[in-house]
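For reference, chains read A, B, C and D in written order, and residue numbers begin at 1 within each chain.
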Amino acid sequence: MVAYQYYPGCSLHASARDYDESVRGVLGHLAIKLEEVPDWNCCGATITPSLNQLQSQILPARNLALAAENRGDLVVPCNACYMSLKKVQHNMVKYKEIREGVIDIFSQAGLSLTGMPEVRHLLEMIMEDVGLAKVKEMVTKPLKDLKIVSYSGCQLVRPLGFDDPEDPQALDQLMEALGAKVLPFSQKSHCCGSSLMTTQPELAFKMVDSILEEAKKVGAEMVVVTCPMCQLNLDAYQGQINNKFNRTGQLPIIYFTQLMGLAMGLSKSQLGIQRGIVSSNKALEKIV
Amino acid sequence: MSDHKIGVYVCHCGSNINGVVNCAKVTEEIGKIGEVVVAKDYKYMCSDPGQEMIKNDIKEKGLDRVVIAACSPRMHEPTFRRALEGAGLNGYLLEMANIREHVSWVTKDKEEATKKALSLVKGAVKRVKLHEPIEEREVPVTNTTLVLGGGISGIQAALQVAEAGHKVYLIEQKQYIGGNMAKFDKTFPTLDCAACILTPKMVDVGQSPNIELYTSSEVIKVDGYVGNFTVTVREKPRYINHDKCTGCGDCASACIMKNRIPHEFDEGLSKRSAAYIPFPQAVPLKAVIDDGNCLFLTRKKCTLACVKACGAKAINFNQHETIHEFKVGSIILATGFDLFDAKRAPQYGYGRYANVINGLQFERMTNASGPTSGHITLADGTEPKSVAVIHCVGSRDENYNKYCSRVCCMSSVKFAHLVKDHCDAEVYEFYIDMRTFGKGYEEFYNRVQEEGVHFVRGKGAEVAQIDGRLVVIAEDTLLGQYREIPVDMVILNTALEPRVDAEKVAQTLGISRSGDGFFMESHIKLDPVTTTTDGIYLAGCCQSPKDIPDSVAQGSAAAAQSLAIIATGKVKISPISASIDSEQCAGCRICIGLCTYRAIKLNEETLRAEINEAVCKGCGTCAAGCPSGAIRVSHFNDDQLLAQIEGVLA
Amino acid sequence: MFKDFTSEIMSYPGGEKITACMQCGTCTGSCPTSHAMQYTPRRLISLIRANQRDTVLQSLDIWKCASCYSCTTRCPRGIKFTDIMYILKNLAWKEQSKMENKNIAGFYNAFQGLIEKRGRMNEAELIMKYSFQTNPVKLLEFAPLGMKMLLKGRAAFSAPSVRNQVQLQKIMKLAQERGGE
Amino acid sequence: MAPKLQLAIYWAAACGGCDVAILDTDEKILNIAEAADIVLWPIAMDFKYEDIYKMEPGSIDVCLFNGAIRTSEQEELAKALRARSKFMIAFGACAAWGGIPSLANLTNREGIFNTVYKETATTINEEDIRPDTNYPGPEGELHLPRIYDRVWSLDQVVDVDYYVPGCPPTPETIWTAILAIVTGNLPPKGTVIGGTKSLCDTCEREKTEKKITQFKRPFEIIADPKKCLLEQGLVCCGPVTRDGCGHRCTNNNMPCRGCYGPSEKVSDQGAKLLNAIASIMDVKDEKSAQELAATWEDPAGTVYRFSLAKSLIYDYKKGGE
């Protein structure tokens, strides 16, 4: 059994519980073992870096230090956490003053940085380590005729991501491997507004609306996401946004792992599918 | 102890050196060294009086070695060598210490600079003692020229050499000459019709008794050296007998692949057959068979309708490739450029949105003999009511190419004019800086401004398609506002890039490329036509992006270089070269792979390496790599270098 | 100290290349929120280079960055503008007097406070804290969504935290003490 | 009958292998004994310093000096013997170019002491005691030799007449040297007794154009016995090393380690080899060069295994402290 270290991030223990459930379900099904990083802490997302640069290095660095105690790559399902962890790793290599600052602070708190694991997004790991061939092999219920758009979001592909920052391909390829019909979508890596949704909703509403409207126009039945933040903004606020801009129609926002699970024959409840604010029952009728 | 008589001359270079380095102090200190009989400093050592001073000292004081502390030897070593020779001393008994570029220009602290200058001069003194007199050699020149590339600059160069009465081999990779210019409609700033000015030159090439044209051909090997190259050329089979083909096009009409293959000459905007005439003015005007798409050649399954249709019986599927070998005195490289593939910048929607096109596609669209017969049309056949031109796609951008592609500002303005001229749509130009530097260019820009084109200062950031309409997103930086401007058509004015096979060509010819990937000239200002390999010259966009006037000028300049060595009849070869001590050579072959100029070969009988000193450039790479120390570079041998280091460190 | 604002920005990781800007506006054109900014990203660079420190740090525009990194990816001169936005926010935050928007300050305070205290985030708790710090009426606005989330099992009310809180608090405090750079 | 040769054999920083090598001349040792009186040979016979100091200048005909110079005692003895010997011979790689002991020059005295007296896993030295040159013992103050900051070859501290290369020198080489001295058939001063070509030159393995795609260590592959070892990724010092050893290593399918020192035209054995190997690494850019270089275990210890003391990167001309 291949083993990875798992950094779920705060959301997956709360608002994105469904993501966590489907991740564990699918990877279990693929005989991949996840070991949760012991005593991990919040990555600081985009908030801590806005307030205090050193703290924003310290938070992810502590996770990297804890993860370094075990073996295996560090797999991260959340785009924001992925970017935070990867960026700190990058900074620690590139900037001597950051590296020394972090190590010095750690030494005063009994923490040592013995090494750093490879930080990889869950999608990256599935594409590169599991591979499309294996995924196709595991599909028992192809998502035939399910029309989707894949929405990678920004921090999966920028600035240090593994896919093309303008026109990411991995999620499209994975969804096609599951049998879904992937529609052309120009906003694959546009931004969902992230935390602006709370502080400046007028900005975030417009961003989400633009994404949802294009998805509807190209005829998508669902939007597939790789990040709990994207999911929350697109799903939970969809009602309010529709009201504000007088839009009709609702689009379910689903995690890619949930569709993987369905295609591989796992049950809806096992994958947390009922937890979407916008129900996906209708869209999924034809496959389940 | 050797008893040399060394003269040391420290140049002030006005205040260039003396402003930082205390030249008098350096002179005084160096004069204390025993073998230095003369030490002088002077305002301009390279001036006539400066040189006279050196010559007189050599004659009067019997100097046998000279050290000059001045600028880079690249600048004035030949000058001072001539001075030594004028006084009867071998020019290689000279050593220059570069106290300008290496000291005064890069050091702020005056004391440090003086100290460093003194060290360098001491090194030079130690070294010059070990210099040996060496002689330059002369070799005869073959009076033929090979031009590689049949675009406008290659054509210009070939015609000029041919007109001077000398033989030219013109090698073109495509089936026809004319290059990119043949695709244009109008040229800036005069709006001359490209075909009208280019076609006569193409015809001249075809008719000149001094030009042997080889199309569908490429250079696969170059041996030899300046004045005496042997070039091997592979001519691919064309499956058409050129003596019989009349260029009538009957084969094209008959071909069962008709209208099924994207036509390269039309940048994919039209479809062609597998047998076709490239374009009506093509030289040579002969049919071409596309071996990648011909059903007979690829699958042996075809009714051979073309063969039946050809009245001249010109089609011959039994042709094979031919290898030619030419002896030439010089080579002119004019291989042109590739257009940046706009798909590499997906944010502009090229390849995704039908009405996003590149500049060459627009050229074909406006060309009267092009796919739309000169009409500017959208994918649905209608005329656009608004057009955006985005500058700098793939240029001036760290993510793609850092350099400015130089022609796009002007061609964009030309596009704007042509749109106004053809269909009077609104035109938006998205630019970073307008660079209209040539003769008549600013005036042309001014004229197009007056035609009512909207110039938006801001780089197009993205092209979106909203409700079926293209939208260019950019900041109007003069307004300081984010803008979304809806248009019907977007023209991406993409970068000019080094050709995809530039590295291969550079290796075949043994020349270098600069950081941007274009072929490297030997001096960017004073020698932009020659390469670092003697006898190989550059013309046109293979050296850097340039417009037609500049390409033509460089083509002529390259021709002049080639004619110059033919006129002299002989070339001088630098005496600095490597030699192999066959007693010490172990035949390990390390040096052979290292030599960029292919000057080293293994003697199969003795199993020792041998150097062709005429080809050797004296770069020293082999000497550094030779593990047994068998290779020695004259004028740069280990003893001399170590002595210099010791002198500097002393 | 610093000669001017430009050298101050350049001294932080990510701010190095600010002088390379050629004012092409690709950043603004790529930014999903620049339409709502008084000073677009390109103008902010101009203002920094014109040494208008207060204008920049007092601007609410810097708090409109969503950290999507579009500007950074597309910048033709390799300027990491997202990182520069972070630097600007750091400086503005340190000089609190320059922070005017209560909502923004409240949210960032609430988030940071929770992390410093417990090391992990809880959205429900964050929203409550944020609302109390700014305007408790907000709670009513969030209530319907909160209810939905609760019903779907997506709200956790128990406060999650790291076990080694002492260690986490210590390293966060040390980082804070070092001037937040 | 001519008077017997007065022969001294001394060792400095060395492993003792050179002394054993003299015995390895087998029955020829008897011929040596016949031709020479051994006046000094610490490994085999009992001598005191006073015995040496008592000798007159020029009273020793030949001194075979093996080992490098790394302590004050060794330098002192080298000078004392030089003063009393007609011919001073740097015997073996250590005396000639510093040998393996001179790899210590990659660090300094402090670094070596740290390793030996502090950092090794089995060392317990809580008071951080370091060797000292003075020790107040019960019988009075004792003086110990001082260890130098770096290791020198013999000719960096005294004038040397001939060099006998090898680690250790082969019996054939030793015999050639002794024969030359006994018969008075002397080559020019400074000559290295050995071949005049490089080992690579006389090596019979088949050579083609070289490209190293991966560095290998001898235990990792079974090398093709017919082909050039360097081409198989084994770092062989043959190209830069003097021949005359009889190809003992390469004949046994092991790469040359360079113990016969730099060949005739090579001034810096390690730098030359490093240069040559860098030239044939099959790489395209800096990154792939770094990746390939990382597969090479201990480059400095490989190219400079026997000659670091003579490397140009140090101030190679001065000796002593």
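Note that contacts are C-beta pairs under 8 Å (C-beta built on N, C-alpha and C of every residue); 3 or more make two chains touch, one makes a residue touch a chain.
This one's a predicted model, so the numbers in the text were calculated from it and none came from an experiment.
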item	value
Central chain (distance from its CA mean to the mean of all protein CA atoms)	B
Separation of subunit C from subunit D, taking each centre as the mean of its C-alpha atoms, in whole Å	64
Between subunit A and subunit C, centroid-to-centroid distance (C-alpha), Å	21
Between subunit C and subunit B, distance of the C-alpha-averaged centres to the nearest whole Å	49
Rounded Å distance, subunit B centre to subunit D centre (Cα mean)	53
Interface hub residues of subunit C, defined as touching at least two other chains	73
Residues of subunit D engaged with two or more neighbouring chains	none
Residue list for subunit A, restricted to those that touch at least two other chains	166
Contacting chain pairs - touch in the sense defined above	A-B, A-C, B-C, B-D
Residues of subunit B that touch subunit C when the two form their complex	347, 392, 396-399, 432-433, 457-462, 473-477, 480-482
Complex contact set, residues of subunit B against subunit A	345-347, 349, 352, 464-465, 467
Complex contact set, residues of subunit A against subunit B	164, 166-167, 184, 186, 217
Footprint of subunit C on subunit A - complex, ascending	10-11, 13-18, 39-42, 44-59, 62, 91, 94-95, 97-98, 101, 105-106, 108-111, 154-155, 158-159, 165-166, 190-191, 193-196, 198-200, 202-204, 207, 236-237, 240, 274-277
Subunit B residues within the subunit D interface of the complex	581, 583-590, 592-594, 621, 624-630, 638, 642
